[in-house]
Structures are given as C-alpha cells and as structure tokens.
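So the structure is just underneath, and the comments pick up after that.
We just call them A, B and C in the order they show up, numbering each chain from 1.
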C-alpha cells in the first residue's frame, strides 16, 4: 500500500515527464482498440451484408445444385416440398429459382443467371417489392455493377432468351424496374432478379426452386429430403479466412505500437533510476529492503498504464463512440476478392476487446518497468546514497 | 358492284382450291430434297467481329440420323471429324487423337464460332411428326411466289416451338425459314438461295443463317458439291471411323 | 568543433550511447511500422496487381469497352511486335503476357474416349522460361498440393478439387476443349503435372493453369494474347508514373477509330481500385501521422530528460565563464549529432527488418483452414521511398526540439541554481 502511495506521489511530482509518457501510452490504447474495433466492425458488416443480401440464415440447396457449374445449373431445381409452405408463408423461408439465360442489350450477347424470388419476401434486402406481380411484362431488378457494365438504366428494355425446362427456346423483352446498390458483388454481377412466379412460368417449372433461403434468426434447421443445408460455417468460410488473416496481420501493427509506448516507459525508468540513486540509497539506508525498492519502481512504471488507461478513457471513449456512430468511409470496388465491403464501416468494440487490450498493455508495462528496476537490487547502498554513478 | 363481289368470291374459292395442304407441301419438299444418303462438300463462311473465316468440310449422311463430317480446311481444322448418331455427337481431332463426346450443355455451344449451335445442326428435319403445319398465306421472295407455312410444335420438348417456312410454289424448295421463341419472338432466320437442279432435284446451294437478336452478319453456308444415293461404307458411321 | 563535441559524446556514455540507442529503437519502430502498414493495407491492391490488373495493362479497346467478356475474340493480335516495342520503349517495366480462357477438361479412358469431363476456367501464364516467369508473382509454387510445376510444354496444373471431381491425379492425361480466339474448336492434350489449391471456392471448383505458349497454341493465339500486364520497376504501384506511361503509350498506339487497337490502362482504372488506392493512402497517412506524433513525443521527452539531467554540468560550465548562448547551442549541436546517428542507425536496422518482412513476410497460412493456397496468406511489409526518411522526423527533429525545450531552462535559471544541482 505504501509503495502504491509513494509511486503515485513520485509520478505526480514528476509532472510533465509523466504526462508525456501517459499520453503516448494512451495513444496505444486508443489506436489498438480503434483498429481492432474496425476489423471487428468490418467482419460483422461484411457478414451481415452477406446474410442480408445473399445467404440469409443459411440455404437449403437442391441436391444437384453446384453454384460453380453452369452446365448443370438448369437441371438443379425441383418442386418445393409441401411441408414447408407454411414456413414460406410466415417468412421463415424463401425459395429462389435459378436458370441460365442470354441477354441482348443493344444486340450485344451476354450470359447471365436469372434468379426468381418472391416479390413479397423480406429475408433478403433486395428491393423485390418493386417487381410487378400479375403483369404480362417481365419486370426485373439488377444491381448497379450489372447496370453499369451493360449500360442499362431504369425503364430500359432488353431481350432475354432462355430455354424452359423442356429445352424449348423462349424469349421476351424485360423492363428494368429498379437498380439496387449492394456491397455484395455476387448478387449483382451477371444476375437478373425477377419474380419467382414469373420465372416458374417462363421455365414451365411450376412451384419449383433451386434453393431455399432461411430467415437469419430462425433457429431450427430441419432436414428436408432432397435438399442439402448449407450453413454460415460453409457459406462464410472465405470471409472468415480473410478476416483471420487480417487480424493476425494487424497484431504486428499493435505490437509495434505497443513497443513504442513501452520504449517510452523503459527510457523513463532507466533515467529515473539513474537520477534517483541518492533517493534509492536513502530508502535502503532507512530500512527498506532492496526488493521493496525494486517493487516501488516497478509499481511506479506500471502506474503509467493505469494513468494512461484513465486518460485514454477520457478522450478515447467519446472519440471511439463518435467513430462507431459515423463509421469510416470505405472505397467500393474490391471485387476481385469478391467479398463485400460496405461504403462505411462501423467499428464494433466488445468488452472483451477493451479488457484484453488493457490487460495486455498493463502486463507489458509491468515487465518493462521491472527490467530496469531490477538493477537496483544489485546496487551498493553506500555508493548510491553518495549519488555515485554505478 | 355485284359483279365485282362475285369475282372476288370466285377468286377466293379458286385460290382455296389451289392451295395445297401444308402436309402436302412438306411431303413434296421431302420428296424433292431427302435422298437415301448424300455426300456433300461445303464451305461455311463465318463473319466474326474481327475477321471472316471460311471452313470447308465434307460430309456423309443418311437421312438426318446419321452424319459424318470431316473438315478439309483451314489447316488448323483439317482432319477434325464429327460423328452424329441420332442424338449423340462425338468429335475427333488428329492432333489429340481423342474422341470426345459432346453432350448436355456443350451441344448448345456455337459450331466453329458460327451462328449455329451443335444442336441446331443436329435437329431432326422430320417436321411433320413434331409440328402441326398450316399454310397461312403467300408472299413473294426474290420474284418467286411462296407459300408461307406456319408450324407449331406438337410436343413440349422441341428447341423451337414455332417456325415459319416460305416454300417456292413451283419448285417446292424452302426459300426462307424463321425460328421463333415460345413467346412468338423471332430468334433466328435462314435464307436459302442459289437453287440449282442436281440429279433431278432442286436444291438450294447457299444458306444464310442469322441469330437476329445478335449484332453481326450471320453465317453463310455454301454447298460446293452434292451427290445423292451413293455407296457409303458402314464404318463411316461408327466411332472407329473417326480414327480412320 | 564537431570533433570536440564528438569526443565529449563518445566519452560520456550516458550522453551518447543511451540516447542513440533509444533513438535508434524509436526510429527502427517507425520505419518498421511505416513499411508494415503500407504492405498490410496495400495487399488488396498488390493482390489485384499480381493476379488481374498489373500496374498497367494493355488490352484492345473493344475489350476495354466490354470488360465482362471472358472470350478471347477481343484479344490483342500482333503481340510479338508489340511486346518488342514495349520492351524497347519502356525497358524499365516488366511486361507479362497472359491468356485467360474457359472451356471443358475431358479425361480419357483407356480407349481415348471420354471418361469424365467438367467445365474449367484457365490461365495461360509463363511458367517455363526463367525470364518473366509468373510462378512467383502468382504464388503458384506455394499453392502446389501434389506433383510438381510444369517443366516442359504440354504440362498443366489443375485445382485439387477439380482433380478429385474428375478422378485424376498427377501424371494423368487430360484434354482441353474450348474455342479458339476465332471461335473454332480448340482441342489440346495435356499431362497433369501437379494439383494446386487456390483458396477461392470459385477457382478451386475448376481452374487450370497452362503454360502461356501452350495456351497460345491451343487457342490459335499464336502472336496474340488476352492481355499484357506491366509491372513498374519499383514493384510498387505509383499512380502518377503509371498514368504517364499510359498516356505516352496511348498517344502513340491507340486509335479511337479502330476497336482492336491496343489501349493501356492503369491499375486505378480497373476494378474500382482508384477509390481503394485513395483510401489506403489516406489511411496509411493517418496511422503514420499518429505514430510519428507519438514517437516524436517519446523522443522529445528523452531529449528533455537528457537535457534536464545535465543541469549540473551546465551550471559548472556557466560558472567557469561560458556564456549561456554557447552552452545552449552546443547542447543543440550535440543533439543534432545524436539525432543523425540515431536516425541513421535506426533507419538501417529498420530497413533491414522491413526488407526481411518484405521478402519473407509473415506466413499466416498455418492459421488458415487450408495450409497452402494461391490467395495471399503471407502478409508482407513494403518498403517505399517514404520508408527511407520517415524515421528522421521523430529521430532528428523531436530530439532537437526536446533538447531545445530543456535548454530553455538554462536561460530561466540562475547560474547558482544550476550549479547547485550538481551538488555532489
């Protein structure tokens, strides 16, 4: 207790020097937490975007469906099982029917995937309510990337040619009713969204679907025979890998940042031990054991991190809260990774993250404070009290 | 007035009397064009975005179920062979010495970059069985009077649900064919020209095939030589024939 | 005088060794952080450059207008002459030709007939000649799962998952079936020399890598290529330099009338990377600014402490007749010397580590579910021109400022008071 009080007094007494160290250390706190929060935020955002736009709470794939095999995609749909029609009605599941097609905007031929979806669905964020029901005209939704690469605008018409379930050619003009913006390139590039009923009619495949997307919060994932369930672990694997890599790469950065702060403390410790030899000698002469003095200096050093944590909290909490509110603007267009990056990333800080960071810095400070202080235990008190350089 | 009306009515009756049924027309086409077998040398001119290419080939066929094609030029294509037996298709190239089966979606790919798919090429010409045919009018093409026959698919599994064929009234040779989507949208158009008489048959020796949805000039198909009812050795229509 | 100051510094270990050591560590950290953060945040751009965009890329105008199209009907022809010209006119840039294509891979049975087949996408890249090889650039060696890299024409690598699906392995034959750049049928036999893991689901399902010359032969693209990628000599993308090259090239070769004339585009004009570039550079800027600021405070603090420690000495010197200005200036000269030494040393050490991290990187693949793959799993540092001077900001500048501030005390206090602080 005595050493705590003494350490506190010594630090406060040192004035500016202490505060400079504390400021630097508090930077480390704030930047590390901010950065980790940003990465967490990106991770959460990207996953949320994928869940919102693409995968929902996981997907039931028709057993033959292979998203990477364009040659079998048209044979990979079957009748939606009877047992789940209630779930569809209640918004727990939404069926998607997929088929290849060719579009001819301005006579340029381009292969696309047609995706039929219920206009009234709420599971995916797609603005499907814009799709006209019961209309002879085919109304379609496309993403902004698709619109740009094919030079299409809302209200434009173009020809779609497809083959129905029997292989018969069919073609019709479709009207772009809405162009949506999404961070998930996979639902945008090369995809044309239209009403499920419309597509079923076009393909002569009544009541059929290629996949069933579950609502994100529905817990029960029953087995549906003839359909394979693909959960988040499967669908988000690539994302998880990337984030894991980013976070390990980030820790090097935190390491360097921490080293900076620790360098400051280390320097201060060495200098203060040098400058305060007389004090050390006196303390030993007054009856303190060497180890008590070592402890005093260590506690002094460690106290920097306590002060820094307090200071970091004073300016860091408002700063980080503000950042979490306004987000950090991010660029679009990292499509080669094919992973979603939002226009703004909102950092997300967890209690574990904060406590973990504080503890790490605290332990590290204790270690660097102890190392120079250890020297005291080898000091000769008589020389020390004379202020003789040792 | 009464006189005019009578003449018009009479004309209609007469025309009706003269219009043969679609079945008859299609039968006459078959009589004219289909032989026991045929051996043909042809050139396909493909107008690409960048260059036009001419591919020459010789083919042996029996009806439309068996066909063997060997490419003659250009050098890169020379020796490539294709065998079609009913709805199966194999391709052989001498450089690989491989026989590869073309199936499923590969059949929907374009043949040698042309506006024709393998499937278009393999389609059965047995129109009378698959389609309900009806004469829906007449039109003049290049100074020749033609019947227009409209064909609507009887079954659901045809690639084209609807076709229109313009048939020369005199020679019973098709001069134009249009292929439609189920919705009635025109997809492809074929023009048949340069009709000559070969062994007593009237035969178009030039065809222009065009995907009308797509920009471009389409594909030309020119028959350089055609012989009917020849002796074709059996091995031609076997997979072993591909390697010979 | 410098000699005198140096002697003083060398003899008093506390005045030289210790501050120089601290400054060097600080500068090392700064240099390391700058290069690390540049590499770490820039890896998306670097990855794009390696795999798809290059630093600059030459394609046909038609392909540029219709970038979605994968088919090679819009490829560049006459590339032998064109690359010759490029090599001559822009010798400092590394020019790489690549072909991208799609088709079917067909596996024969004992009679040479189809046993299994599957759709594939492919890369034709230079793997055989040492010059301009893409093996390292595309991380092919590391992504190898089984077998070996192609050593002669006619050998290919296929993705491991595809190998499993088609039930083939190393040493088996496979025939590629696709379209030539003119749309004719392309058929070519290959021997599978190895399997690779890309780390991206789409590629792992069915991708193949063939030698560039084989791809040319197979696709009738002799003297043609899908794209020519150019890499700047520094290895880093520099927007201004890239744009200069592109302007120069386009003025000479591009013809707006001819849709098949070549056009050079920069990395920033592809995949929406311009925004990414801007973002990365401003983000790096902020982080480095904060770090340098913090490091400056640390070193300033040290300069300050170092100055304060010497009040006794200063008092003595003033007592024996030196005037305040001289003492003050000498202290500052000393700090300049210490700052330069420390910064130089720190920059050298930092560059050493950064170079190590740039060439070797930190391999994170062991932490991934799939241990080796083509996607970047090695995070690397990146040395840029900034790396060479960034350390001097805290190292030299802050040390001097710290000493200056500490020295102000000399003017404030009376000589007697300073002298007393020596007080042995």
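What we mean here is this: contacts are C-beta pairs under 8 Å (C-beta built on N, C-alpha and C of every residue); 3 or more make two chains touch, one makes a residue touch a chain.
None of the values given here were measured: they were computed from a predicted structure.
Asks: So how do the chains connect up here, line, ring, star, complete, or something else (other)?
Replies: complete
Asks: If you tally contacting C-beta pairs, which pair wins, A-C or B-C?
Replies: More contacting C-beta pairs are found at A-C.
Asks: Counting only Cα atoms for the centres, state how far chain B is from chain C in Å.
Replies: The computed centroid separation for chain B versus chain C comes out at 59 Å.
Asks: How many angstrom between the C-alpha centroids of chain C and chain A?
Replies: 24
Asks: Which positions in chain B touch two or more other chains at once?
Replies: 106
Asks: Going through chain A residue by residue, note those that touch at least 2 other chains and give them in order.
Replies: In chain A, 70-71, 108 touch at least two other chains.
Asks: Using the touch rule from the top, collect the residues of chain A that touch chain B in their complex.
Replies: Residues in contact with chain B: 70-72, 74, 102, 104, 106-109, 159, 161, 163-164, 166-173, 204.
Asks: Along chain B, where are the residues that touch chain A in the complex?
Replies: 104-106, 153, 156-161, 179, 181-183, 185, 187, 213-215
Asks: Which of the residues in chain C come into contact with chain A in the complex?
Replies: For this pair, the touching residues of chain C are 14, 18, 22, 25-26, 29, 32-33, 36-37, 40, 43-44, 47-48, 51-52, 66-69, 118-119, 199-202, 205-206, 271-273, 275-276, 278-279, 287, 290-291, 293-295, 297-298, 300-302, 304-306, 309, 362, 364, 367-369, 376-377, 379, 424.
Asks: Once bound in the complex, which stretches of chain B touch chain C?
Replies: Per the touch definition, chain B meets chain C at residues 46, 48-51, 53, 55, 76-77, 80, 91, 93, 95-101, 106, 109-110, 112-114, 239.
Asks: So in the complex, which bits of chain A are touching chain C?
Replies: 16-17, 20-21, 23-24, 27-28, 31, 66, 68-71, 108, 110, 149-150, 189-190, 237-238, 241, 244-245, 248-250, 252-253, 256-257, 259-261, 263-264, 267-268, 270-271, 274-275, 329-338, 386-387, 389
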